[in-house]
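Each of the next two complexes has chain A plus one more chain, namely chain B in the first and chain C in the second.
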Partner chain A sequence: MVKGIEIRTSPHLKRALNVQQIMRSVVYAMLPICAFAIWQFGLSAALLLATTTGAAVATEAWFSRLRGAGNTVADWSAVITGILLGLTLPPGFPLWMAAVAAFVGIGLGKALFGGLGYNVMNPALIGRAFVQAAFPVAITTWTPAFAPSRFVELIPTTLTAPFMRPESVTDWIAGLGVDSWTGATPLAMQKFQHVETPAWDTFAGLVSGSAGETSALLILVCGLWLAWRGCLDWRIPASVLAGAALTALPFWLVDPGIYPSPWFVLSSGGLMLAAWFMASDMVASPVTPWGAIIYGVFIGALTVIIRLFGGLVEGVMYAILLGNAAGPLISAWTQPRVYGAVKKVQAKS
Partner chain B sequence: MSNGTSQDPPKGAGGTWRPMIARMLAGLRPASARPGGHGSGLLRMFRKRKTFPHGIYPVEHKEWTADKPIRRLPFAPVLVLPLAQHRGAPSQPLVQVGQEVVRGEPIAQAAGFVSVPMHAPATGVIQAIDLAPTPEGPRTMAIYLKVYQADPQQVLFDTGHDIDSMTNEEVVAAVQEAGLVGLGGAAFPSHVKLMPPKDAVIDTVIVNGCECEPYLTCDHRVMLEQTDALLRGIRLIMRVTGAKRAIIGVEDNKLNAVEQIRAKLPANLPITAEAVESKYPQGAEKMLIKSLLGKEVPVGGLPAHVGVAVFNVGTLAQIGDLLPKGRGLIERVVTVSGPAVTNPGNFMVPIGTPVRFLLNHVGTKPTLGQVILGGAMMGMSVSSVDVPITKGVSGVVALEQDEDDPARRQVYACIKCGECLKACPINLNPSMLGELAQAREYGVMAQDFNLDQCFECGSCAYVCPSNIPLTQYFRIAKSINRERKN
Partner chain C sequence: MAELPKHQEDLSLDTFVRGLWKENPVFVMLLGMCPTLAVSNSAINAISMGLATTFVLAGSGALISWLRNWIPKQVRIASYIVIIATFVTIVDYAIQAISLDLYAALGAFIQLIVVNCIILGRAEAYASQQRLVPTLVNSLGIGAGFTIALFALGSVREILGSGTLFGLHLFGAGFQPWVVMVLPPGGFFVLGAWLLLFNWIKQRGERRADAPTGVPANAR
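On to the complex of A and B.
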């Protein structure tokens, strides 16, 4: 009766949740955000997301073939990188530049380090940082949300030929007939003109900005779902947001005319998306529970400092990249205290 | 048995849309709601039960056997009694091949202080003293006892003690003579624990009725069915150790056992029964001390150093039963369960019964893939079902063949999710330790990351989404460090 039994080492039970399922959950959580981006910015946003995701997956497949250690596309992490990257770019970003960003993000940001699990920084942000430096004009060319023709025509810059500079969108926007378009995102308006966009508009996402970062509310809901699923460490988004709000608070109290309110800081720009979906990247964040909190507060504070005093309008990308770089150090500082550890007695001399 | 459901999510096989939809819907539920999920700490914070930080919540399936009374197992034709079935020096045989023995008669003596004697679990004849398979792998010496099936199998060999008039030294000696070891799985000679180090004073006896291992219910049944013997054993141990109080710690999935014990507690003695949270590894000595007393056993120290002695309920019930009769340990309660068992249950099993005999008795399914002695989290997977039940075996768990889902077994690189840090009951950094193990930095693991504190509960490997065999890495690292020291 008993034959062919196997020998294994304990533990003999295993929780069902695996890497692939975690990654797939993150993808599911981003789908509503993608849908909102497409509804808000139309065909261009759809093409942008498709391009970054496709390019990221293709790059992953190519590098995994080069390494010859099995196909790593199946772990879904490249899909996350692609979607995240697309969500952080302006909706009219030229597609060829978006593909470059995805290639650099996966190739330079992840594959060269050894693939999933070995990357030091968030691959999507590496890609975005690269194109921010390479194409500074294109990445700050914003177009209005809810343009009436968004489902019938593309933003003119989308189909820029490779290695060509995108044309100006000023005339195209003027032809749209959108009221009160200033060409600036709420963050830029606050920074340079000290005009704070109404809180509800930035929170709900009825403003212009990068394709997927506008609706803080939607991102919050998707992020909470992910945390509830156990696929995200709630400590990181919570401490990023707390760090940002607490850093912004004293300045706002001193001069609300110049400095943004903590509420505006939280709901505007890419902070919400970054806190829930980028800072929380497991691989690039500290592994210890206290480390996660220090890391989050560091990112939140740094974001606000860059926004208020730096040359850039948005600082969350560099804040996270710096946080990623500091991650191993934070982990080393916050090693857990082992059960029964005896307190070190100071030697008396 | 119709409740032999798998603990795994719907299988990935099948190309139709139906299972796909079902799987997608299953994927939308929170981790805490999924079978084997690791609940988020948020909701559990509001629960009142005493507990320790971290740990995991595996699916237990104790309901398969929890209500099944202990039944006596028939005698196998031949019992196999390894001389080394406890920690410490192997026993020395007192019998010769061909010699007839009666049930309960000593057949091997203790070889020193950290050793125990053995008694014949049945009336029969010594067939051989030869090598026998063990779950650990290497074959060791064992006494083969051919059972006289026609014999009424009464225990004819006992001396009888008046436990109330015995001195402490006599009790310690009697515990050793009875061949008693920790029945929770450690199989450490019980009398040694009754002699704490000179620099320690025992003020509390903790009685471990947690039984945190999935599937196992033998301690649960012992608490329900042998309550009087258990309380007798506790009183005796309190007297010998000089403890001022005793606390019986029971996981809150066995509240009927807590009630039963409370109903029978003598009013004049400082013995209490407390429910603790059902969480693995609550039954680990260090965890239970933390849960009940809030104290931590210092690194490198013993529970005695925080004034505690911990005994398993099964051990104390046997002390309470055997000492007054002056008998030796010849049988124990074993839970036989698992998805591959047809009729799971709790059995009073003669020591030395081959696992094959036991499995034949309960019946196994054709899907049987793995047989584990002990619990599914810390127990040992056996290569041969000819190994015998020894004093330390609390359960036999039979698992089904792994379903052919390669995605579940594929090992990924560590994604630093930190789940293992949140699972480790003694607060190690298994993620870091795992990376060091892959880099073969075994020395660093011990010096800087407390490898030696790991007691291999398996929680880290259980939660790891990358399927990294962390616990096995740590076992290997420890054994290499041991070899390097020598």
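On to the complex of A and C.
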């Protein structure tokens, strides 16, 4: 087959992934997680995801029109931000607040820095951090997973009128007939009552929590697929998880009655979702191999420290934002030596 | 910083008006950020702070302008600070006498007016070179610009952060306060948003002015 032979000088690139292909792969990888969220939390989760995605895309379109630099919606990155944001919010989160989060995330987190490729931090987490600071009650109002009526009715807080305070869900939950609902996620139960939810439940995702963070197993599978496709640097999620587990281990060994087991740390809360889909954000993470590992371990360790000793139940959001902020510095520290170059001699002063 | 007036300025409308827009201390010169961000969490705090600063600006400006030929150049900064501190002390006691609540809300930022760089900046750049009346008018203009800017921040932060304006409820009891807006980060967000708006309006105006001459707007 003479026709198939190509003679060129190196590098012999077999395929070039462009931004759009990578972003689309990430969207595909998140679809099973979205489906699980909808199956678990019902109509409210579906509306929440649709709202955040729609608002993120609309914001992106608006800002790219203002900049007059062509429509940047087509690179799919706004869709990712929208879906990720939706997955990190409680399923009954009022839709107007979700739209605010998406607007702030894309607008403040990305567009104002110059769009995709220039954002310092992960836009979805900027949006979430903003609503966490603005609406601290609504973002910690959890509802039970697998409510019997989840496909026929919405969680009452979902359709709160814009700028209005969401009503209390206590009565609604009492009417659901879900036994032993304490209003707490596995993380909160562990932190405040030192009751560890069975490992299989948190790993498979049969618990309450944010819309898309519950099933560690599903996220792990989707993340591994992405890593296999080459759409994320495997070092980042691996070192985030390793950093978290290794930080949690000594505490657990000292007093398993109070501190969570490394296994629980890995499978609960948003750590798995954050490690695979947010910490690995290509723009906001360091590019050097060692840099990626340092960055990941930093995020993992910080997450556990915030969880164990901070006022908040979950710390992975702030850990990643801090990691993002430190990213450029880590990159600068871990520049690999150019092949053949001589080590710089320190000038004597 | 605006260019220093080299000659004695004659009193005109512009002496006052340019402090509101063209030389607005917050939105154009970006001076006095510390009180701007710190006490603009409600409209009433913002206006009081603005008025207090205006009083100090006008008083110290007038006195410095009046004494400008007697203050030796070498010790001028120290002399200005003494004059400014005098007026800040007056304001400090006056606010205590008028409303203790307001005094508590503004806290240390009243005393800190003394180190507000708008005031020292005006003293150095304007009052020390200009006659008494233009200085007084210009200081009042700058003070009004500062007050307007603080009110612009304070009203947005109060409306979003607690659903009220001057303590009056705007949206009824069901309003969801945006807690972050009355916290320090809210000050940065709102200031950034106003700067964005002002620069956008300014650039649009310049683009329109440039358009007939055929100069591309982004070629500057």
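Operating definition for what follows: the second predicted complex is superposed on the first by the 327 of 349 C-alpha atoms of A that agree within 3 Å, B and C clash if a C-alpha of one lies under 4 Å from a C-alpha of the other, contacts with A are read in each partner's own complex, and residues count from 1 in each chain.
FYI, contacts are C-beta pairs under 8 Å (C-beta built on N, C-alpha and C of every residue); 3 or more make two chains touch, one makes a residue touch a chain.
Please read these numbers as outputs of a predicted model, since none were measured by experiment.
> Is A:165 touching the first partner chain B, the second partner chain C, both, or neither of them?
In the superposition, A:165 contacts chain C only.
> Thinking of the overlay built on chain A, is A:21 touched by chain B (first), by chain C (second), by both, or by neither?
It touches chain B, and chain C stays clear.
> Have a look at where A:134 lands relative to chain B and chain C in the superposition and call it first, second, both or neither.
Second partner only.
> Which partner does A:335 contact after superposing on A: first (chain B), second (chain C), both, neither?
After superposition on chain A, A:335 lies in contact with chain B alone.
> Between chain B and chain C, which makes contact with more of the residues in chain A?
Here the partner covering more residues of chain A is B.
> Once bound in the complex, which stretches of chain A touch chain C?
97, 108, 130, 133-136, 138, 160-161, 163-166
> Using the touch definition up top, name the residues of chain C that touch chain A in the complex.
171, 174-176, 178-181, 183, 185, 189
> Under the stated contact criterion, what part of chain A meets chain B in this complex?
1-2, 4-22, 24-25, 28, 74-75, 114-118, 227-231, 233-234, 282-289, 292, 331, 335-342
> Can you list the residues on chain B that touch chain A in the complex?
Within the complex, chain B touches chain A at residues 7-9, 27-32, 34-38, 40, 56, 58-59, 214, 286, 290, 296-299, 301, 356, 359-360, 364, 368-372, 376-383, 385, 397, 399, 401-402, 407-408, 410, 412-418, 421-422, 424-429, 431-432, 449-450, 453, 456-459, 461-463, 465-467, 469, 471-472, 475.
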